[in-house]
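The structures considered in this document are given below.
Shared chain: chain A. Partners: chain B in the first complex, chain C in the second.
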Partner chain A sequence: MIRAMIVINNQGKPRLSKFYNYTPVDQQHQVIRSIYSVLCLQPENVSNFIEGGSILGPDSRLVYKLFATLYFIFVFDSSENELAMFDLIQVYVETLEKCFSNVCELDIVLNYSKMHTILDEMILGGQVVETNSEKVMQAVEEISKLEKVTAATKFISKSTSLLWG
Partner chain B sequence: MSGGGGPSLMDSLFQRTLDDLIKGIRLHLPGAPQSSFISKSLDEIRREIKSTDLQTKSTALQKLTYLHSLHGIDMSWAAFHAVELTSSPSFLHKKTGYLAASLSFRPSTDVLLLLTNQLRKDLSSTNQHEVSLALECLSVICTPDFARDLTPDIFVLLTSSKSFIRKKSIACLLMVFSQYPDAVRVCFKRLVENLESGDSAQTLAATVSVFCELASKEPRSYLPLAPEFYRILVESRNNWVLIKVLKIFAQLAKLEPRLAKKVVEPICDHIKRSEAKSLVFECVRTIVSSFHEYEFAVKLAVAKIREFLLDSDLNLRYLGLQGLLLVAPNHLWAVLENKEVVIKSLSDVDRNIKLEALRLVMSMVSDDNVVEICRVLIGYALKSDPEFCNEILRSILSTCSRNVYEIIIDFDWYVSLLAEMARIPHCQNGEEIEYQLIDIGMRVKDVRPELVRVGRGLLIDPALLGNPFIHRILSAAAWVSGEYVQFSRNPFEIMEALLQPRTNLLPPSIRSVYIHSTFKVLSFCLHSFLFPKKEVNSLLSDNDIEPGFTYSESEQEFTETDQATSSSAFQKRDTFTQESIDNVLTLVITSLTPLVENHDVEIQERVRNVLGLAQLAQKDISSHHDQKEKMVDKMDLKVSIIIRLINDALSEDFGPIPFNAQERVPIPDGLVLEENLSKLDSICADVPLPKSESFSLLKPINLPTDGDSISNQHNEEESETSAAESMSLLAEHRKKHGLFYLSSNDNKNASSSFPPANDPSQRDNDMEDLVKLTEESLVLKRKPNLSRPRPVVVKLDEGDRLPIIVKKTDENDDLISGAVRDVLLGNETSLHSNNPSGRRKGKTSSKDKVENSETSNSSKRRSKHRNHGNNVDKKEEISEKSKQKSGGRHRARRRADGDIDVAVQKPVIPDFLL
Partner chain C sequence: MALSGMRGLSVFISDVRNCRNKEQERLRVDKELGNIRTRFKNEKGLTPYEKKKYVWKMLYIYMLGYDVDFGHMEAVSLISAPKYPEKQVGYIVTSCLLNENHDFLRLAINAVRNDIIGRNETFQCLALTLVGNIGGREFAESLAPDVQKLLISSSCRPLVRKKAALCLLRLFRKNSDILNVDGWSDRMAQLLDERDLGVLTSSVSLFVALVSNNHEAYWNCLPKCVKVMERLARNQDIPQEYTYYGIPSPWLQVKTMRALQYFPTVEDPTIRRALFEVLQRILMGTDVVKNVNKNNASHAVLFEALALVMHLDSEKEMMSQCVALLGKFIAVREPNIRYLGLENMTRMLMVTDVHEIIKRHQAQIITSLKDPDISIRRRSLDLLYGMCDVSNAKDIVEELLQYLATADFAMREELALKAAILAEKFAPDLSWYVDVILQLIDKAGDFVSDDIWFRVVQFVTNNEDLQPYAALKAREYLDKPAIHETMVKVSAYLLGEYSHLLARRPGCSPKEIFSIIHEKLPTVSTPTIPILLTTYAKILMHSQPADPELQNQIWAVYSKYESCIDAEIQQRAVEYLALSRKGEALVDILAEMPKFPERESSLIKKAEDTEADTAELSAIKLRTQQQTSNALVLTDQRPANGAPQVSQLGMVMVPSTSNVDQNTVDQRVTQSNGTLSAVDPQLPVQDHAPAGDILGDLLSPLAIEGPPSVSPQSELNGVPSYEGIPGANDALALAHVGDQESTVKPIGDIAERFHALCLKDSGVLYEDPYVQIGIKAEWRGHQGRMVLFLGNKNTAPLDSVQAIILSPSHLKSDLSLVPEVIPPRAQVQCPLEVVNLRPSRDVAVLDFSYKFGTYLVNNKLRIPAVLSKFLQPVQVSAEEFFPQWRSLPGPPLKLQEVVRGVTPMSLGEMANLFNSLRLMVCPGLDPNACNLVASSTFYSENTRGMLCLVRVETDPADRTQLRMTVASGDPTLTFELKEFIKEHLVSIPTGGKPPAPVAQQPQPTNPPIASSDPGALLAGLL
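Showing the complex of A and B:
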């Protein structure tokens, strides 16, 4: 399964992190830091895999791709194919590109929840559920519409009651 | 709108959005300004989140989630607010709530159960995106309670008409199964149905992924589904699906060898046909790791690997090397064929590629090329960056020491290689080299002269003392030089080396090793001086000082056994003159006296020991020198007696013995263990064996750091935790306790008194009880250690480590597979009644209850047709249909040979495969 999806910039700042097994947040940050400490030492033009045994526990691998200032990272185990994970990064970035056209780090910084939305359309519970960026886009657009509907009605239906229960 | 500490209207109206927060964080410099901004924002959030206005609350939670996920801010206190928002009618709020929950909830979150109802509600929502939110959240925070309560809801979703929902519910199922294995009983057949209905590629991909995960934990239960997977393998054109199916087959093929014949061709077809590198690589990996006995397939795979290796894409080259590494164990020719590429890759810029290449090179090592390969690698190590250099050294060290130096034939060469490594500037493997130097010294008697020579080379080089990384190696060199000083050509030189001023650069623990070695060297010199070899016996008889004196015996023993000694012994006789001894005593006293006040107790103690001996000797010997005319014999001196005793203790060539050594002595040919001995074994089995880590206790015990000098030897003998022993110890032991040993009539081993190799069949019988015993206690019995062609290497426990415990499937995995078996084998009737279509061929499922399996085994074979829930004459129908299909490749095969190795208590899995 896919264990985690992480986006960090080239200074090691996390932009997105999603762990598919429960991992306390401080541990997540520790993992991100140690991944960054490896990535930042990688020279250019080298292969994009890192054996993660030491950082991420047994049977874990890591594939990353650097786009401009951002590292897109997948952490996964032997149930996944390395090159397929590589493709998955591509699909994710393609989708971002479709979403933001000429995506840059700022888009990603400012659209935190959309990043999650896109990711959730592609991966659920560590399993890949969609690899077609068109279809991901379609779902993301539907979701945005749903969100906007609520945003527009928020002043109308300003409820004071708690809806719990 | 609010009271108490709640937010004011102004707060709500002018609430910062997530964007504002992010921008604000970016405006503040990292460090103090930023963290103070964050804590200020956090205060705002705490206020806002209490708002009764859901929009305000939602925005606050959004900000908090962001801070939590990317800045590590604790948000466990806001769990209730997240739950609250999930129940909002607004999609945005709901989404915010779920996102917060899935990113921050932990199994211990107290409000977790409050979410159950909401999840259930959303799982049955008509809005597919709401369902999707709930599934996503559930897949992350799933607990046994959730899984139990929500299984029915997910069960419904598995047949949803929307593939969007179906694929997600399938993916979510994996988490549900792992938390609540009983869910398998409910959902499994619907999962299988999704495998069969090929209406959506993504649904199929998700289903196959789930099976792949399940099979990776416990493949056996999924064997009955093999025909279904086979169909997918042949029919599907979706790379994601195919990759997962290949992974499943890689698991299944381990259990059912006949599968290989069936799937190997379709896999080859994929290799030939596919454009997708990922799929090709997966095919290659599957073939070389699971189907390596199919020559044509392996050839094809190796050809592809070669393409990868020559590709300009570094990722492909890296994976190519990985593939090659998988081929290596069974088809070394593939590696040799690509040798140039591999060797060239050693100097690649890419670290991954270098490492893989190194592993490949090591995979080629055998006893006849180890010298050559190590020479090449050392050359690479010298010009590599420090990190890779050490990687190379580590590989050499671990490969050469594997299985008790199995591949090393020329130990003199290996010992000098170790010394050469020590001189490589970046070498950081001191600890391992230290260990091996000492280890070899104890195991391989014949190499000791060379070891001492090598040790001398290291000790006398003052430059080496300045490099902290090789202090450990020096420690080994010092120990070796002290312990085996009798092989030294010039003990005085070693003494000087051990006492050179630069030793003050050493850490105290190693310095004390040096000093203790001084002690051994000194006592050796004094002894050689006081008891010149020729005279020993005559003096003994003349003076009758000590009847039954044992020293001469042991002295003779080692001169006899080791040819090398005799030559140096001649030399020594001339070396140990009155003058040289005087000099060495003076040297010892002047060098060590300043250390009497050393802060380190170890050093202080050892120094006092050495000085005590040296001063005593100096006094006695010089006074004796003065009274030369009186012809007082040296043997009368007080120091002589002491030296004899000390040397006696030191010269015994003993390694520590493991307390279970008896158990490890190979049983001689044709030996019938007597009853009382087997009782002894069962008693031994009750004694917990040491953990495998403790086998490395050689070091603490053999370095004289652990005890005071004279009693050191006794410590070693008595040490129960030690795991090493020497051949001579065993021999000695046998002499002393001969009556406990059965006489050996076969002397294959070099050490004549060592019991010869056992007869395995004999042993098997006798060991049955033991095996049982040990299985109970989870300590598996080691296989008998057959004696090897190089008896000079004392093989200890290390070659025979406690077996690695087979990957234990956790309890839940067992439960899952148990449930799967029940569903597949036991409840197949209901399984079929639920199957909507009979169009599919290759339907696989057991047509028999578990209890029937025995009688129906022979009729169970691959059925390519769905049995439409028709239970009458089931078996006949199946066999008929399978016969119809048996033309061409799909040959029906009897299961009579029963080559599935099924564990006793497990239900027999019928043969649907062929």
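Showing the complex of A and C:
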């Protein structure tokens, strides 16, 4: 199963984190910090897999992908396929892209709730629930409509794009 | 108002982002938390929107790493809000802030259930998501039927159903009773017919969890999985939006193939063929393309297909195709694929017999050792370590040594250890081994543990031929300007013992040796000085009558250290000074070290196994040379689940079998010769020997050509047959029973042998004058692959050989068919597969019997598939250890016991014992030097990998007692492990009572072959 989904920026600030096994908050923070300390030292053009045994306990692996200023990270166990997890990051980011068009870090910071909504449409209880970003978008838009009935959420302008920046 | 609420959140987030340092951030967060707290207190004035705003802020604060220990009630109460926005926030925040053990969550069960059974689909989705993420046991009990209903309902939208599937998966994990196995397997099969790929993906995830728990109940779903694979592979009925970069849902393909790996095999030939067609298409049809994302997706599918092919143990041809593919991958530019290629090759080493094909890629694998990516370097080191054998050890070890000089600091220790183990395991000659270890010390002295240099010393001491060479090498290293302290130790020791063997060489006079060693003394640490002092004494001893000048120099050193503050140094100085004044008598007192008894150490243990193997091998080589016939025996792999299978002939024990076919032919000839001379005077005169001989001799060659069914072994699958007429033979045999008991006594102590095998992976399990049973094992996670070597030591065949494994309930075992007859002086290999289901100390028993002449010898032997074999040593650092240790609060997960009656041993010996039990001792974790901390991961099918931590507190004053604490995440595991360790600490077995071989009521020999038996017909013809 997927144990956690984490987004941190290149300064180590968490932007989104969700753990699918109960993890106390200080431990979550500890995990995020140690992941960052490994990732920030990764040279370019190396594989995107890191054995997580020393950071995350036995039988855990980590796959990450860097988009502009943000690391997208999945932590999972050996029951998942590494490359499939890697693709899932791509799907998540493509979905963000559809949602915000030219998505950047600021979108993610300020539309924190949206990030959660999208994630929940894709991963449930550590399992992939939907891999089709069209379908995810449909669900998210439905939810937005319902939200807008009472609250008009405005997206805030952005600086650099993630996918293209 | 809503707008302002969200703006408030944005303002807060911006504020936090603008904080220049952690301190400012904390102040800002504390201020906000204080604010929220006060607002929540006067709840009356709080609108739902304000509540929503504050709860989001809390969630944001929580993500930043601050504990939010209030407001949970507010979050939960939002769940029952009537309108969507509040309800949504309530659900999202609750699932982030709370966990299944929270009391507040219980309060929400009713509200959640109302949403699930209600008509509003968006509410259903919210509720299912919450339960799927954090639902606990109580949720499982009260919600499972409702969630099931949603999943199988035809009126629900896919959006709801796919969430219901995963929600049910969570509930099933919390309480597996919620799904009634019998009824559910049919429903599951129906779900796998689902057309909507979203629902299907979730259903397959659910299915994976179910089959991993119990595949037996879901055989009916296997064909459906293959159907799904066919549908995807042929791209039939796949909506455009589910193709990802042109590939039909790679995730679904991966999951489905993962599910198939939980079935031990695919029996039905039609289905098997269909599946292999799909797999073949994946293996052949995947190309490396420009688009990175497409590449990743197609290779995700490809690697999963490889794993499935390995699992299905398909035909050799397909396997070599896989290795070829992997060989391609490890050379591509894309680092992810290189990484996975190496990893899968390593897995392949374990799974199937493709060693030779993998070796062809050795050069490329060695290149990967220099890859810029450390993850890849690690993988290639693992792979090289795994693929090393006698034939390539020299190349690989020398590569490792070369790499050591430039390797990352983080990898050196592992590298040094692996090089040392391989050098010892596969040394073609001992001088090479000495070279390797000395180079290792020279290049990476800091990473060479004492174990390693002790081992060299043992080897040199025990091999006289090696001594001058080793002394010379040590002398050469001393000429180097700066050498590692370990090198000083080992060369001082070696030169002290053996420098006199070099005396004629230039620069090797006692005086020169002394001065070059003594030069190093100022640079070494206190523990090394006593070694040097001993060396000086040895030099003096070897040069009796001593050169007065040298003697004075050495005495001066001793006098200097006579008042040393270190007791060890002082004692040695005083004693050596006194002794060396005795002149000639010194020769007797300080004589050369005697040979070491064979000793085990953590490092050596592994290596010794292979030494035994090579010894065994060479003995067999000898045997085959002396007696060319009959060295070949066949074992039939038991056909898997009765499915017709091409027989796999286990070709046995012909070393260097490059020309097996030739051998076979030769042997067939000699064998038939042997048959003719069945009245060989060497053979003990026995009624049935010749018959058995003919049977054995004839059937062996027959079995090579014919299908396995012709061999008479088929009856062996269970209960022995008692056909035949007990007649005169019987009476005859009875007369011998008394003799028999006194003659067939096991050689060596069975209990001791078993115990030794608990600590290592190969060796002799049992031996008597007729039979030797060796065992060799490989362990990986919760699975083990053992091979039993049944050797007939005599010149007459062994008849009625039977081997049955009696497994305790926690082990699944599968022993391949054992041939009924072992020809003279031949050895049979019988693979035995073991799967560990859960932690237990019970052991499997091998019920082994054979007939020699008229007597049946029967032994019940414990199989060393013990708890520790399913442990994987793991080094943990203090940062990992202590949080784990604390998170396991007490019984039943953490158990403590004072153990008395412990076999007294030093801490070092105990550490060795723990390492042999695959509990890795982690030095330095416990500040008290009398304590010992170890860690390991336990694997079983039920628990998967589970970390185990052990702490032992010893009392230096009383070595017979200690306090032991064992902790793990599973109560049974904790208990069993504790008891297991205790057994090993308390009783190093002392002979015990070897289960006396039971000379049973002699049984009639095999029926003199029914006439329908083709073997018998053939025998008759001859």
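Definition applied: the second predicted complex is superposed on the first by the 151 of 165 C-alpha atoms of A that agree within 3 Å, B and C clash if a C-alpha of one lies under 4 Å from a C-alpha of the other, contacts with A are read in each partner's own complex, and residues count from 1 in each chain.
Operating definition for what follows: contacts are C-beta pairs under 8 Å (C-beta built on N, C-alpha and C of every residue); 3 or more make two chains touch, one makes a residue touch a chain.
Predicted model, so just to flag it, every value in this text is computed and none were measured.
Participant: Looking at A:E105 after the superposition, I want to know if it touches chain B, chain C, both of them or none. Which is it: first, second, both, neither?
Facilitator: neither
Participant: Is A:A139 contacted by the first partner chain B, the second partner chain C, both or neither?
Facilitator: Touch partners of A:A139: chain B and chain C.
Participant: Pick one for A:S54: touches chain B only (first), chain C only (second), both, or neither.
Facilitator: The second partner, chain C, only.
Participant: Once chain A of both complexes is superposed, is A:V91 in touch with chain B (first), chain C (second), both, or neither?
Facilitator: Once the two structures are laid over each other on A, A:V91 reaches chain C alone.
Participant: Name the contact category of A:Y20: first (chain B only), second (chain C only), both, or neither.
Facilitator: After superposing on A, A:Y20 lies in contact with both chain B and chain C.
Participant: Which positions of chain A sit in both the chain B and the chain C interface?
Facilitator: 14, 16-18, 20, 22, 25-26, 28-29, 43, 45-51, 79, 81-84, 86-87, 109-110, 112-113, 116-117, 120, 124-125, 127-132, 135, 139, 142-143, 146-147, 149-151, 153-154
Participant: Using the touch rule from the top, collect the residues of chain A that touch chain C in their complex.
Facilitator: It is residues 14, 16-18, 20, 22, 25-29, 32, 43, 45-51, 53-54, 57-59, 79, 81-84, 86-88, 90-91, 109-110, 112-113, 116-117, 120, 124-125, 127-132, 134-135, 139, 142-143, 146-147, 149-154, 156 of chain A that touch chain C.
Participant: For a test of understanding, state which residues of chain B touch chain A in their complex under the given definition.
Facilitator: 1, 18-19, 22-23, 26, 52-55, 62, 66, 68-70, 72, 74, 83-84, 87-93, 95-96, 99, 103-104, 106-107, 127, 129, 132, 135-136, 139-141, 164, 167-168, 171-172, 174-175, 202, 205-206, 209-210, 212-213, 216, 239-240, 243-244, 247, 277-278, 281-282, 314-315, 317-319, 349-353
Participant: Applying the document's contact rule, which stretches of chain A touch chain B when the two form their complex?
Facilitator: Result: residues 1, 13-18, 20, 22, 24-26, 28-29, 42-43, 45-51, 78-79, 81-84, 86-87, 109-110, 112-113, 116-117, 120-121, 124-132, 135, 139, 142-143, 146-147, 149-151, 153-154, 157-164 of chain A touch chain B.
Participant: Help me check something: in the complex, which residues belonging to chain C touch chain A?
Facilitator: Touch list, chain C to chain A: 2-3, 5-6, 9-10, 13-14, 17, 49, 56, 59-60, 62-68, 83-85, 88-89, 92, 96, 99-101, 122, 125, 128-129, 132-134, 159, 162-163, 166-167, 169-170, 197-198, 201-202, 205, 208, 212, 241-242, 244, 249-252, 254-255, 258, 293, 296-297, 299-300, 303-304, 335-336, 338-340, 372-376, 378, 874, 877, 880, 883-884, 937, 944-947.
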